[in-house]
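Below is one structure; the comments refer to it alone.
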């Protein structure tokens, strides 16, 4: 009955056309910094080495013994102010705004290279007025703010006089699904009345933080993507209650903090809404820009540092008669970390380039890929560095434990990995 | 030229005989608690529920506002003392010592079941005088101590009047390779003179900690396994310098702490040596017993709790129109966590049984397997629970972040995973 | 505004009561073979060594040069017949049936130990009439067959005179979701008329295969779990078309094969239905028993063999001046393989015990755990053994490549891993 | 005694300077194809679509029923010959040679893009005379061959009249460590006398294969890197014994095959040595070029195809009421596959660019990274595609099973992953 041992049918396979297999000449494959930005890049590196790094030590010393953990000392503010003035003087100020009148017109790829340098010194971003969440907030205000809003809030932010917060995440719902936002804003006469609870509001503990951009639900009956709005709320508005700091693996990150807060019948003028009612989603797209690329480049910097530390440890520590770099699978762990870092770096540069070439909307799949890929793999590399350091790896003697908790945190900040993979997966299914 | 498409040779394969493929009737496969211990087990569970849990809350409340973080308040000590007396009264005291005259004669398997219960309430072990490192120290003193050593140190430890430390790990060498121990003890007349640096000495911050067992190198010229000795050193001996607490992911774990310390020409009488010069290794073997099984069972308890929390979160949180337990790969993550937990539990019970049946030496491969397997997998499960909780998972609102850092720490405490895998691998190669 | 750096709320956590945290005395924790079965077990081992292994070589030799790959030679059938008769004579026949009148009354745990031995010699199961899918088919017939069905089909199966097939999987639907079964059986007068396509029907290529149990849809309008039925169909019924063998990574596994087939208006008498219309699901539960445990134990045997081969290779092959067992991460790979194998073994024994103590229905979560866990991990171990053998590992000189493809196949046979994890996950969510 | 809860010391950390953190303007970051090659690239794509794909079906059909599996039919050779002539006519011939007089002067990056296209049609490489191992052999001959060697062997290879083999791997030693090569060549008068055993010699089964480049040991007493030589051996030299085909997961890959062979006192003229005695290593470096990049690009093509098939399957198959792409973790699997593929592609392009810019020697770390990274990850993606197809995934109805075994094979071809990681790790330790 069986006549052949061979194939009886073959499933038809028609390759899909995918936009990923680019024409080789495509400019998306050119990941070099643009010529004109190189002097700025060199300047930033020099400024960090010569100005930011020395002042960072002074700044830290000036904060020691401060009885109020949720403040900076006068001395600290003075040191910081001086450095910021110097940055303004030499023209290293506000260059983060991509293609903006007020900024340097850096595109995302160029900024990615600079962000990698900014990430190496903790205070560099702040001194050059490029630190989150101010960058995203300024970008939003610059793009969609009214003249009055710009005058009142963008100007002092651009001047580095105040700081700001972005108020999105809620403790009681999965706010990565924006439909879930439950903080409400209802129009009452000429005022929005806001009620709700938010948490992990980074930087809201900082006494200089004066203004918040708040994601609220203005119309629960609208289409899902039209229910949300973003509203400007000054921090000192009555009814704004900062309950306390949320911890990150036990740290409160004073004095900046990631705060838990409540809006208790908070009233702001009608015109504080950004862009218009129901356009909260739309505004969110604008924030995608430099922020995520910046985070990813900084995270790669941390992975690089962890690898560096593995190597140094591996070559100086001896057990069972061998340098531990040569023990067991350690050399392979080191090699794979190098390979992951290079792959991550290329992917982030490509995502930045995609934003420049295709625009934020079309590039969102690339951004989601790196947002989901980079923190998870960096966590793994840092964890391996910890293991190679033994108990010292989780102690205060190395930066590894803090690096780990910071990067671990990024796996849900701005949407958990799972949501980003969903973005990528859904797109793949439509090709 | 080619005459056949078939096999041209076959590599000889002779199965090795391995002790792992037991006769099915072997008692190693009977993982039940012994009949006679069941009443004790029930009693412990009842005592924890009725006495330990209520007093734990009182104890914590009594410590609030204590200006000296490195102390207990009088009220705390009173509460603890009362509970300990009650434990003594009802006979739940010192039952950890396996097969000992002074203990309950519990074997390791029986103790494993009880340890799982002790692990559920933070103070349970201390109230019943079963907490590390006192258990290991008492076990060592009971087995190898002289009458005078027992009188002076074992007795108050058995009475729960003082606490103790085990001083082994050094910051400057890979002390998982015991040959590396660099703290020296040199005989000068009738005294040992000790010099060296140690760190991560758990419990040494506790003001009640009075005695240390210290691993030292007494003869660098002896055979590698005869160079070390263990010596009793009272905490208040001149030259003992406690430098400060080592952190675990930023926590100092006051008031018990994991301390960094130095021996500066510390002098103790010649007779403080345990068992004899050059027998430090031998003593280490004695400590293997209940300690590791206890740690593993507690860690499995944490993994179980993390799984529990995933389930509760998964069923109460909604995103994209679904309970998150039903989103993406979450159900599979939950299922695999259950499977890992059950596999770990069986392995730990088998390791305990192996210690009972085969003795510590023969069972060391089983102990190394669970020591390497359990913390790593539990870390992964806790990490997944964190991810399913979003930012709340790393906040102070859930125990997950602290559970993670505790269990992560176990991946190098008592030897890093890699050393334990080496023990298992080497043994496998000799079968 | 911020008054405390401490906790502001704590999420309530109430531990769920789970049946997994057994009372320690529970008999589920006793994984020893029962006393009474030990003589049988010893007898099976002896019979395999003394009878099955020698006859296996003769059997293979007697098949060489057979021009019809889809048949056995007369000589082969004679050799096999002689061995089967010997097995009958010494009482090693049909002992697979758990708690059955016609079998040895072995429980699942006892059978698991024996299955591990059966798995070591390819022909052992067949010689003792314990080979799949006959075992499951005989079990079903014994439990739910009518007297006539038993006389006609169970009797020759129990005698080892014929073989059988279980016809379930369909190429055109995801048949792991039984609702999808699309092969239809419609009553026409006194006959069922069957139409549809099936594939991967193991053993149907064997010329001795005479009877099939076929999963069909009898009532698409019934409740989802009542739509299916199982029907006896003799292989020689007109309209039964065996199209050809399905390959497993390029092999056709002649002469037994995994066949692709079609039912073209196949007519069988009304009374060929098993148990009754709409009870197809119910019957499936009966098959769970020894089959999966047997598969898992055999798979663990393969993992054990792969580990064995890694060790032998690792100790005899030299590169870069070292035995490769000592190179890089190889020792850790070996150690982790040992640990996984022991964990798998304990889990399978526990699943078998759970079936004995709790019944198939309650134990299904344990069975799904091991069904999903064992093939995936065994695949990984075999793959690592391949890697340690270099190209020889995928050649015809070692059994590794074939072991890999066999075990890889198990990851969807009897339901893909994902479905089993779903069973476990769903159950976990209901605890 | 404890005066501070804070930091007591900090380990000095001095960042290493690594060449990986390139200046952003570095040309290594420009991964675009060069302008001048674009017409060739377009031509190749067109030729594959219009000529190679149609002739491939004819070629396959013309081979059916060939009784000698280790040959091509006359019809096949005619079809192939015609296509090759056409390729020559239109100038698509021998363009693989990087920067060579006889080739198109393609650099590695340009060739990588073309290789990706060649990889899509099985016969494309051969038709354009760009197939392994001829490419590497021609490259070697072109660089180091004497005029006579070029005339005799390079010329017919460049003309596509004969084929060749590269004879390196040995069954009895770990030949990834070249010091282990045991096939010996001893000078006897004016002839080399070769003895030894080799296996997995790809293409040696092809009746058109006429010449071999053989790695031998000429001086076991020389420095480790000077012991080896490479010698030209015509296939028809007396004493060359082709024993039979080695299998790859059960396939013999007739008629090309991966052959097992022996040199039995094979004698070739003294001048058949390449470059000179003891320079075997040196020659190996020359082969690195296009071969590995080609392999990697082809493998990425397979991963892309597997992802494509997952998507199609996921959108057309329904289980439990949903398309399986939306079931469980499948969407995340799809998303991660996309991310891995893009990361691999960028890494391979970068490795190709590194070879162009830095030279083969300096670029070897990049080449090792992609050689170790790409096959392992592609295997995983193909395996996931298999799982999503159920049993169909390992059947002859999809190309997945064959793709898996091919790519799995690459994990040791040209050195196992572990050796490549060692290259990367060692380099990292020297930075």
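Some observations on this one:
Lettered A, B, C and D in written order, each chain numbered from 1.
We take it that a contact is a pair of C-beta atoms (placed from the backbone, for glycine too) under 8 Å apart; a residue touches a chain by one contact, two chains touch by 3 or more.
Chain labels with UniProt names: A, B, C, D = Acyl-CoA dehydrogenase-like.
Quick caveat: nothing in here was measured; it's all calculated off a predicted structure.
Taking the mean Cα position of each chain as its centre, B sits at the greatest distance from subunit D. Remark: among chain pairs C-D and A-D, A-D carries the greater number of C-beta contacts. Here the CA centre of subunit A is 50 Å from the CA centre of subunit C.
Rounded to a whole number, the gap between the C-alpha centres of subunit A and subunit D is 40 angstrom.
Across the assembly, subunit B contributes 6, 8, 328-329, 331-332, 392, 396-397, 418, 421-422 as residues in contact with two or more other chains.
Contact residues of subunit C toward subunit D in the complex are 169, 171, 173-174, 176-177, 180, 199-200, 246-251, 258, 317-320, 324, 327-329, 386-387, 390-397, 401-402, 404-405, 408-409, 411-413, 416-418, 421-422.
Of all the residues in subunit C, the ones that touch subunit A in their complex are 1-6, 8, 69-70, 205, 241-245, 252, 254, 257, 259-260, 328-329, 331-332.
Across the complex, subunit B meets subunit C through its residues 6-11, 13-16, 18, 20-21, 24-27, 29-33, 35, 38, 41, 110, 113, 116, 304-305, 307-309, 311-312, 314-315, 325, 331-332, 334-336, 338-339, 341-344, 346-347, 349-350, 369, 372-373, 392, 396-399, 418, 421-426, 428-429, 431.
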